[in-house]
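Given below, in the form of structure tokens, are the structures.
Consider the two complexes below, in which subunit A is the common component and subunit B and subunit C are the respective partners.
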Partner chain A sequence: MSGAMQSKGVPALAIEDLSASFFTYRGEVVALADVELELKQGEMLGIVGATGSGKSVLARAVMNQVRAPGRITKGSIRLQGEELLEFSDDQWRETRGRRIALISSNPRHALDPLTAVGVQLGRAIRAHDKQPDPKIRAQVIEALESVRIPDAKRRHDAYPHELSVGMAQRVLIAMALLHEPEVIIADEPTAGLDVTVQRQVLDLMKSLLDELGSSKMVVTRDLGIVAHYCDRIAVMKDGRVLEETDVRSFFSGPSDFESQHLLARTLTSGFSAGAGQIVVRDPGQSPSDTEPLLSVRGLVKHFPIRGSRLTVKAVNGVSFDVAPGEALGLVGESGSGKTTVGRLILRLIDPTEGRISFEGADITTASQREFAKVRSRIQMVFQEPHASLNPNMTVGRNIEEPLRLVREGRLSKADRTDRVRELLQLVQLGEHAESFPHNLSAGQAQRVGVARAIATNPRLVVLDEPTSLLDISVRGEILELLNRIKDEIGMSYIFISHDLTAVRSVCSRIAVMYLGRIIELGDIEELFERQRHPYSRALLASVLYADPDARVPDFALSGEIPSPVDLPSGCFLESRCPLVREQCTTAHPPLEQKSTGLEAACYFSDELMALKKEEPPR
Partner chain B sequence: MLRRLIVKRSLFAIVQLLGASIIIFVIVRLLPSDPATAILGTSVQEEQVEALRERLGLNKSIPEQYWIWLQDVFHGDLGRSWFTSNNVVDDLGQRLPATFELILLALFVSIVILIPLGVITARRSRSIYSKVADKGVFSYGMLAGATPDFWLGLVLLFLFWVQLDWVPAPLGRISISITPPDTITGFLIIDSTIQGNWAALKSALGHLVLPVFVLAFVYGAPLLKMTRNTVSRMLDAEFIDQGRAAGLSDRMLTRMALKNSLPPVITLAGVVFGFVVGGAVLVETVFSWGGVGQYAVQSIANADFNAIQGFVLVATGISIFIYLAVDILHYLIDPRVEAG
Partner chain C sequence: MAETASADATSGPQRFRAGSRGGLDYFFYFLKNNPFAILGLAIVVVVILLTIISPYIAPYDPQKTLPGKTLKPPSSEHWFGTDINALDVFSRTLTATRTDIPVAVIATAIAMFIGVSLGVVAGYFGNRGGPGGIASEATLRLMDILQAFPVFILALALVAGTGASTINVGIAIAFVNAPIFLRLIRGQVLGLREMPYVEAARCAGASGKRVAFRNILPGVISPALVQASVTIGFAILLIAGLSFVGAGVPQPTPEWGLMIATGSRDIVTGQWWTSVFPGLALAITVFGFALLGEALGKALDPLQRQ
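Up next, the complex of A and B:
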């Protein structure tokens, strides 16, 4: 209760006039410019902003850990009224971890890979509190238990690589809480976590910190986290704080133009759009009696593990159709096999079992030569915008490349140039034909990726997480572009993403994947309203809407995704599902029609529906 | 698990040795020199040369010769050196400790001096001292990379022996006027210490100081640079930042960075060590050290097949052993390394 004991008037952390710069060979680059910020006692303050807005530098500056060649140039940071920037190195060492603690993103990298996690926690205890070894061990185990790490005694001796990312993140939280700090800085605390785990971790973090009475500063790009967990919000851009206000008034209408822009972008793009703020979207052609463009049946892909007889069972029997002009969303967390399915369809890897037919022809066993004829009609947009463009070619040349590779009916040089110009206009990059990819922003580069994918007028485009590495405001642009292309040109999409709301803004049908199986398939609106599978329910419940009043269904799965090497014998969700019965442990339920437009693989989907009615509004 | 690693790798080592023995046996026989002529000289009659060839088994087919040799090797017999007329096993047994004493000491000196130096210079700061250390390490790396070891040995001898007379004459491992200690380990400094033969210890150390310095100076440079670069990269790692944020001391953070830097440093130390076993020959020659490097060169010059084969086999064995040791150390340091 350290925070609560402080006098009411003084803020836990008061930042005034804080500036920091990076001194590079090219001169000074200002990262923070006269930042004014207050963290009140016990509150949770969300710092949001795009990449490069200075929010992470701010988090580091508060710890006096701005990385070289950066440093704080002026200003003041007061912790409970005490000026930190006048501290000596020794005073800083005593303060860090004891009075201010950090929870960093990327938990795997934030732990020493060669040291057992218990030993690392022990070191963090000993840094401020010298005690005999057995006592420290007991404290460490207690700390691991407090962040609900199961089997804490055994985990004490586990190395970071033996923990899942979610567990590693809990270890970091435990480390930050060891000395009950007055202030906690969390830098993108859930950036690397899957959505169903993100909720668990954030809930845990918030409840533990509230118990301690610590004041919390959370740096994030996700307005959903802010809306759901924070009391106040500060919006940053170009190293400045544009607006500092309470969450409710921010979401009801921010006063600052940039903030409005940020929020508007978030909402209109359908990203983290709150219930009732659904983007109007073209439902697309109905997939009724037209012959499917793509048909996948019983697809299986197992990857052998080198030097062992085990295999990673990435895809375990997936079947679906995509009609001409239809957009199908393939949704799931990491390890669900969605990306592998995309790569199988593009024949980048060969399936272990199953059949893929495109335009009625079986392409499963087509040789690379044969498939080359089809390839201009199936294209892909990749996750990493810059990495997927050839850095040695101009933007125009990058887009032209697939046109040059067409086998039949290749365009003349002049026609290709015209086509490239037309495509650049379509993605609104008309003036960039002669630029090189490194001169483009991530959003622009991704638009080039889209232009390249549609250059040959393909009938199907596989989009593999096309927006997951982009800033919120840029994501919207890409989604709008994809929608426009679909409507104007009428091609089919398979949109692979872990982000339900992004998929919803583009697709009319959805397939939810879990451990290499489709567990629910059908109309996307129906799924959002009346999902028939507990996993879909949990996935939807874990979406944090950028609306503090959004009703969040309280339906959580326990634990984490089992290993795809050693799959459960029954339903794959059996170990995590709150509805589990004996029947679930015997065999995986088949995908069955549950309502008009929805198929689900669950024995007890009726119970799930019944559960929904009893659920108390939040 | 460690036992599994050792057993598995040892079995593999036998295969490697067999493979290496075939290659070396065949290559030696492809040399354009004739041992019989080399032994007898050119002024003898053709019949005598032919008789010697027959006696040495050189007229048999190469697979047949190899099989006979291999059987002998399994009996611990590497054949007789035609040049020294001793058994190669005895020749090597006499010379290996000399080489080992030299290079192990050189390795020890580089590890004890250069790795801490690498760690200290890796801790960057804006101070003048740090900049000087930076330039110093860089210059040393360039200098050591460009300096031939024998040349450095000669220059130092000129300075410290000819001009200053601080070190004894470069004639072997110990002065002839001193009674050497009885052979126990073959390492003079250890044997003389055990027996309390202080005069011998002093003389041995005097003889060691320059060649050890030369080897450590020239071959330690990559170790210093590798340590410095890896530690400095590790000090930028996220887990160091996280540790600092938890209030860990600089000392602890440096320790963590060093531990994480050890795998590549150990690998490099192993490579350098394996290289120097044969590569120290020029330094051995300059100081008339009488080690295996000199022996190997001598046997090549004399087309002394058994000696060449014996040396290469032993050198291969040493390399394999070093790599096994490197792997075991990796395994002990890094929990992510699998024993299989």
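Up next, the complex of A and C:
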């Protein structure tokens, strides 16, 4: 069907001189300014840019979904030579879903929560193709199978909340492909997915679309995705297209200054960076002889589920030490329990079992009153930069808050003001003391969060995904700041993140978590080079480097993370691991010393080492 | 580094910063796009103005009978006519604002104060077990019982028990409206208390009390204000209703409900003006406060602002 309209030479989608604005009470806000873009037949074009660069508005403009107060002010969008901006509503109804389809991010929200997914797919078929019910059902099941959803017949009647995020994203892909459209627009298609699942979904999407011969436009912030999957790239900033070129020449040196800047930031920040990248890190102190600052032993946290006797087993026996001045990375995908561990250390929640000692004293059972004395020496930086600042207080006041609440040796008012000024200088926000958080950019807000956390000169700072919600260009800034603070003030960090490369740029030691257990622990360079656990290898293999020539180590896990309510009886990775044997199903392997500086919990780590790194395991 | 960051904040042609406080700009922009907000605001402003100046502009003394002028129809002399007691309906309709508005506003303020403070406590300490949780559960169930009664019947019973007077009517109204605020605020607090910034305050070492009142309370003020505007409208209706059945403001105080009641007997004989005019005044006022509440809700909602 899709091939019928295509003629040689005419681009699948041609955008010319396109401008769009939002008309707010502060006047016209330009979202797109004279955008020129061409999507060639069958190619995959990556549109990259920071938040607010206009890339999502562009995607919406192509779908005729720019809503009031937004409006397309001029220009033209041609689909196979037909002017879309002159389409009537009826023509649009015919076009959307059939000729142009959208794969949106945030799949759980994009699906109707009250309708079974099969029914939703059925409606999407019926919208363009009236057919009897049994036939539609068969088609839906076929569509679900085509995106490799296991047990498609049963999933037909599942509701969105019963699917994992990865599954829901596959359903969206299936929906977009139903009518074999000529053009597919994917808006951050993997934004909410874990890295190991991201690889699965992108590979699937790419292969299905190539089969169909559709032309694809992928909107993303991740240069890694572009480098690996796209043919050409368009860089956007402030509603303008800075550069439109093929991927290979872009990554070998973009011609536009701003694009160079973007690429350089990506590389130097240690993010998505290929071999030979600049790693901003000082190895720091080795953990050996000194008394540990923080010691965690056998930590367990189970959350009861309301109205049920089941529990969510978030943390299942975690032990580690943090030496003074050391930075430990706590890495894992969502559901690995890493954030829960952070919250347990700060006593925001109480552990089910286990012991936490800080500065040699047991703080596990300390009452909130006793813990209050320690509190100023353990602080936290949160994931959401804006939401973690009190919106009703000025920036200065937000930073001052922990200083006011110190139990012993509280500073005088004048000293506090000085300290706040000093902290603002340190995070380079000197002029913002009187601003309110909502006037800051995300990166600035996160620097305020960092300043607040270090205000009381804590000995340990727990960083809970401090960079995961920031644009790539800003991430590097925060990591540099964290490194500088660590070196200058000598604090210990626990850096919680799902991003291995970010952790590598700050930490010297790493603990990889999976389903509430540490499965590999030790020196970070050793882990990057000679990981002893299949899960760590899969995590590393799923990092997409911003380099189209980087060889992707092919080591993928199948399926998705099991439910923490119903844990596997053997090794937690048993259902996904390509190396699985009989022994793995009996008991979870203990964490054992595998090499100098690396402990791993796997029965067959020698076998993993024997596999050559870049070859498929089977 | 600092340069790039500040460029982030201000880059782009007139880049709009979400949630920034546009103050007056925003106020006028909002009014321009919401004609009903203008209407509501206008009604409320006029009503409040009348509350202040009505004794000075009313042509006659609202409580002094005019000999020989019983039940005169509207004329140039008496715009809204006169009632059975030979009182000028126009003057009474105007000055009635001095009874209805202050009582409604003060009663709502009291209801808001009680509801908001209990709501913050119940929301912050509720759903958690322990003595705080039990106390907040108990408060909520008590509110359930109160709300199970029809508001009007409950207010009627309260006034009947304490005696019909303007003050008792105000107390009754405050009492029956407090649960509405409590529920609303508790719901908001349950959401806010999971916000990272509240967690951050706990990390900084803030006590429960401090977190609840310093970090959470400011966040629930705007929904409370929205509710207050709507509640004032309903409170006026309740005062009028109570007075209508004789359990409210005593005679001869000018009060809309009372006037409607007094005039209702004359409608059958064709003298419609004695109840229709105060009735219209009442309807328009309640409508105005409801519109204002609606507009406030829209204007203060950060999602709508974008």
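One rule holds for everything that comes next: the second predicted complex is superposed on the first by the 607 of 618 C-alpha atoms of A that agree within 3 Å, B and C clash if a C-alpha of one lies under 4 Å from a C-alpha of the other, contacts with A are read in each partner's own complex, and residues count from 1 in each chain.
As a convention for this text, a residue touches a chain if its C-beta (ideal position, glycine included) is under 8 Å from a C-beta of that chain, and two chains touch if they have at least 3 such contacts.
Note that this is a predicted model, so its numbers are computed, not measured.
**Q** Could you look at A:S249 and tell me whether it touches subunit B, subunit C, both or neither (first, second, both, neither)?
**A** It touches nothing on subunit B or subunit C.
**Q** Which holds for A:S441: it touches subunit B only (first), subunit C only (second), both, or neither?
**A** It touches subunit C, and subunit B stays clear.
**Q** So, A:T365: does it touch subunit B (first), subunit C (second), both, or neither?
**A** neither
**Q** Quick one: is A:Y159 in contact with subunit B, with subunit C, with both, or with neither? Answer first, second, both or neither.
**A** The first partner, subunit B, only.
**Q** Subunit B or subunit C: which reaches more residues on subunit A?
**A** Between subunit B and subunit C, the winner on subunit A residue contacts is C.
**Q** Determine, under the contact definition given at the top, whether A:E94 touches first (subunit B), second (subunit C), both, or neither.
**A** Only subunit B; A:E94 stays clear of subunit C.
**Q** List the residues on subunit B that touch subunit A in their complex, please.
**A** On the subunit B side, the touching residues are 124, 236-239, 241-249, 252, 256, 259-260, 333-336, 340.
**Q** Per the contact definition, I'd like the list of subunit A residues that touch subunit C in the complex.
**A** By the definition above, subunit A touches subunit C via 22, 24-30, 33, 50, 52, 237-239, 346, 348, 372, 375-376, 379-380, 382-384, 387-392, 401-402, 405-407, 428-429, 436, 438-444, 447, 449, 452, 473-474, 477, 480.
**Q** If we count contacts the way the header does, which residues on subunit C are in touch with subunit A in the complex?
**A** For subunit C paired with subunit A, touching residues are 1-2, 4-6, 8-9, 11-22, 25-26, 28-30, 195-197, 199-206, 210, 215, 218-219.
**Q** Show me the residue ranges of subunit A that touch subunit B in the complex, using the header's touch definition.
**A** Residues in contact with subunit B: 63, 65, 67-68, 93-98, 101-102, 104, 106, 109-116, 120, 123-124, 127-128, 159, 161-162, 172, 175-176, 178, 307-308.
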